[in-house]
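The structure that follows is given in the form of structure tokens.
Every chain is named by a letter (A, B and C) in the order it is written, and numbering of its residues begins at 1.
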Amino acid sequence: MTTVETPPTAPPRKAATVTRPGDRIFSGLSRGAGILLLVVMAAIAVFLTVRAVSAISKDHGNFLTTFEWTPSLNPPVFGIAVLAYGTVVSSIIAMLIAVPISLGIALFITHYAPRRLGGIIAYVIDLLAAVPSIVYGLWGALFLVPHLKGLNLWLDDYLSWTVIFHKSDPNSAARSLLTVGILLAIMILPIITNVSREVINQVPKMHQEAALALGATRWEVIRLSVLPFARSGVISASMLGLGRALGETMAVATVLSASPVLSAHILDPVGGTFSQNIVAKFGEADEFGRDALIASGLVLFVITLLVNGAARLIIARRKEYSGANA
Amino acid sequence: MKLQRKSGLRALTVGAVAITGALVLTACGSDNNDNSSSPSGSSQPSASGSSANAAGISCAQGQILASGSSAQQNAIEAWVRNYQQACNGATINYKTSSSGEGIIDFNQGTDAFAGSDSPLKPEEAAASKKVCSTGTGINIPMVGGPIAIGYNLPGVSNLVLDASTIAKIFNGKITTWNDKAIKALNPSATLPSTKIQTVHRQDDSGTTDNLTKYLGGAAKADWPYPHAKAWAAKGGQAAAKSSGVSALVKQTEGAIGYFELSYATSQSIPTVKIATGASQPVEATTQNASAGIAQAKVVGTGSDLALDLSAAYTTKADNAYPIVLVTYEIACDKGNKASTLPLTKSFLNYIASDAGQQQLSAAGYAPLPTEIATKVRSTISALS
Amino acid sequence: MSHSISDAKPAAAGAPAATRLASRRLPRWSPLAIAVGAIVVGVAIGAGFGLKSHLQWGLIALILFVGGSYAITAQVEGRRQAKDRVATSLIWASFILAVIPLYSLVQTTISKGVKVLDGTFLTHSMNNVLTIEPGGGVYHAIIGTLEQVAIATVIAAPIGILTAVYLVEYGRGTLAKWVTFFVDVMTGVPSIVAGLFILSLWFVALGKAPASGFAGSLALAILMLPVVVRSTEEMLKLVPNELREASLALGVPKWRTITKVVIPTALGGITTGVMLAIARIAGESAPIALLVFGSNMINTNPFSGPQSSLPYYIYQQYGNGNDPSYARAWGAALVLIAFVMILNLVARGIARWKAPKR
């Protein structure tokens, strides 16, 4: 695969040019576009906060620790405990499955597969990244859930003692957080693979050839010269995937059996996630119910923001001493 | 590296070609799906009509938007089809979403009428005055239907349950199919020891609201929760929408769930007969549901026709199915928009007419009992 | 400079050269032999002990394979080679593990989708079709998706590209930092939140709820914007500084340099980015359901009257919960995937064709 080979770039140096009207107009336009983007973002943030605050102030439960979501009751009681837990747990499961496998596929494409086959696979995985999530939902509900029942029973039979893999009722369908995690993993696999592959392709060939010349095996080349270089890129790829997993709506809503129960048994058909709850409760919500849902959307928004911020920090720190363009 | 402005232009050409292609595409679609099916309305004359046509519909022109309950989806679809086929130039766009969304759409002025499984709450009725400049939003009962309790238990047909057993099952007090209480109601059936898997709605729903109203009304002792659109009991599995519930019941052995009768029919899921105290356990059929709804009393004031169904829940009349749901059409009594009033009135007139109501049984719904239907028709004629 | 050797074959060339000096090697067919052996033993153990789950048979075979190849290679070729082989088999395993569900997804969609996919399905709307009956089509939804996505692109692409130009060519200081940060934040806006935002904005501005394709386009534009900015930014950074400097040295004003030199050079990459962003938003159903009202009829005017869209159509048909509707949902899913994939292919094609040649 020859992707666009990147000549290492320094940010363009400021060129001393005479200021002309065209220049001023153009720089004004582009600055304006940036400012417009800021304004839109600020408007969204303000809008979310205003409606969320008005909802939370009327909440008679504790917004952070209440399990139920019943803003239609009088007095209204709703909280995000189950949703936050479900969102985090299903995303963690998705990451645990998707990150190693994606890295494996990326390495397979770049270092193991015959060159032509690798190209084809890379292409196909690129395309899969664009499959709409509603299609994953459809497939998950009608195909994946019935087929995961065996895995569920097997985990329950042999790993029940771990508590995590205990299934309270072996007959219940596999509509659990674990299934959601697996479906999310399948959804974000192509994204993480794509970006990781791009990053691995950027690893200087010189490093790898040097390692090979010293008699390293293929695995040693990967471990010693590819992975250290690609680490920050893989982390940012994973964060991209995590962002999508956290906010996924339709695929979760069709697969999960949601209920306001917080359980450590990830095989049990209980739990919920932010986006799933929004989509399930939105239809019958009145204006106040919508405000309450927006409040939960705000929390999801903040979580995504933190994740993105963390990824930026990690990458920025890595960049400083990785000697990337050496 | 050389600058490739030429190919840049070519990229633009590709884009232009794509857009042109899309524009050409817009010219070749068709709204016409009437292959051979002719309007199936009977030819009885409707209550009022200046230009009554073959289908007995007095037509109006224009375009209206409506939205709301999915419980009446199949009925509305059939009515809309008949109406549009009989009346050229009329477009009725009913968006199947949910009662709550329908009411919000109505109160925001998007809808000419909304469909809802429960009557307007006082604050919603108050909010509707903004849209109905001189009047207020009223509830017009239109589509009745049984809520079927479907189950998946191979080898067991004609299962009979009563309100308290159903309440105990859905509340997790009865957990196996060979429980004493179930055996007592089904002496001749061979019940397996399978665990009961209850399935309920994960989204808020008018169907849940009506079922829990029934459980609270007919089995107060065994159903401690207030009626609500959100499922309150612990345990069981949840699925999205009636389609999800029925699909899960169909997939899972030992499962029991609730949904509108049409889902049970279309997926051939057996339904529970209810022991109401009548001489025979009552099956969930459209006719029996009509008999159940006939017990209801109108509690709305003025032109509002909101129904109180609590008499239906505890009825002991023969062949009266107690778990019923009534979907209302919500419109302004006065102050409907001039642009949408004629079509709204004409369409509601049609669906409340005998010809319209007769369509219902075929789609798995219960026609309104005569007494209520009469009131409905006079209310609709007075809409302005 | 690293790109000077970038045409060398990737690592595949290395393996034989690295091990030629080793004293003993396993024959080429050995992994296959070990695999077959492991499967045979795994099945034998599974059948022999009467383990009911076939998953366990596979698991036993896999453990035997990894352990066996490690042990045998360690014996013959040494520990380092053994580790290499284990890594190789794990990477192959992860590849196969991922291919199975993805293959199944595509296969299910195609096999269920083609059943309803015909000329009628593509050229008819759902007008006057009962959802419990077969028939009808997706034409109105295709039109809706095409128009909404086109409008969203017309809004988001110029703003996004200009923002990226600002960040790369002009941006210094606080404003640029804030914009970079908020582009990141914007990628995390849940799609339904974007829908709700437009809904209330519309209500505040016009005093009524929106029911047109245009309202949906606005929400899609919000979702599209950060993706366009990100990819364009990357592409502009790849334009060699020498080009800019050469142009400026000839006395060309900066804005002419950007519009005539920088952007045309990066045009292929920018197009790819925009296309990928389009593919991303074409699959959004949540904001669409809120804003365009939905319709069973063809409405070619995105600025007035309700419209439908493909993802919304799929969601609707899935919710109907009967076999004809499921069939239509799969058919529409296939159309949507085909649409997105064609866009992707076009984008990749442009990227490859525009890639800097050397």
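Basically, contacts are C-beta pairs under 8 Å (C-beta built on N, C-alpha and C of every residue); 3 or more make two chains touch, one makes a residue touch a chain.
Protein names from UniProt, one per chain: A = Phosphate transport system permease protein; B = Phosphate-binding protein; C = Phosphate transport system permease protein PstA.
None of the values given here were measured: they were computed from a predicted structure.
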Practice task
Sort the other chains by how far their Cα centres are from that of subunit A and give me the top one.
Solution key: B
Fill in the blank from the handout: Quick note, more Cb pairs in contact for A-C or B-C? It is A-C
Practice task
Could you tell me the distance, in whole angstrom, between the mean C-alpha positions of subunit B (Phosphate-binding protein) and subunit C?
Solution key: 38
Exercise for the section: Using mean C-alpha positions as chain centres, tell me how far subunit A is from subunit C in Å, no decimals. Expected result: 13
Exercise for the section: List, in ascending order, every residue of subunit B (Phosphate-binding protein) touching at least 2 other chains. Expected result: 97, 240, 244, 247
Handout entry: Junction residues of subunit A, two or more chains touched
Key = 254, 279, 282
Exercise for the section: Could you list the positions in subunit C whose residues touch two or more of the other chains? Expected result: 240, 318, 356
Problem - Of all residues in subunit C, those that touch subunit B (Phosphate-binding protein) in their complex - result: 123-132, 135-136, 139-140, 142-143, 146, 150, 203, 208-209, 211, 240, 243, 261, 264-265, 267-268, 271, 289, 293-298, 300, 305-306, 316, 318-323, 346, 350, 353-354, 356-358
Handout entry: Residue numbers on subunit C that touch subunit A, as the complex places them
Key = 1-3, 5-12, 14-15, 17-19, 21, 53-56, 80-81, 83-84, 87-88, 90-95, 97-98, 101-102, 104-106, 108-109, 158-160, 162-163, 165-171, 175-176, 178-179, 182-194, 196-197, 200-201, 222, 225, 229, 237-238, 240-241, 244-245, 248, 253-256, 258-259, 269, 276, 279-280, 282-286, 311, 314-315, 318, 326, 329-330, 333, 336-337, 340-341, 343-345, 348, 351, 355-356
Fill in the blank from the handout: Given the complex, residues on subunit B (Phosphate-binding protein) that touch subunit C span 1, 3-5, 7-8, 11, 14, 18-19, 22, 25-26, 28-35, 63, 65, 67, 70, 73-74, 77-78, 80-81, 84-85, 91, 93, 95-97, 105, 108-110, 240-244, 246-247, 262-263, 266-267, 363
Fill in the blank from the handout: Touching subunit C in the complex, subunit A uses residues 2-13, 15, 17-18, 20, 22-23, 25-27, 29-38, 40-41, 43-44, 47-48, 51, 100-105, 107-108, 110-115, 121, 123, 125-128, 130-139, 142-144, 150-151, 153-154, 157, 186, 189-190, 193, 204-206, 208-209, 212, 215-222, 243, 246-247, 249-250, 254, 274-275, 278-279, 282, 290, 294, 297, 300-301, 304-305, 307-309, 312, 325
Fill in the blank from the handout: Contacts from subunit A onto subunit B (Phosphate-binding protein) in the complex sit at residues 69-70, 72-73, 141, 146, 169, 171-173, 175, 253-254, 256-259, 261, 269, 279-287, 289
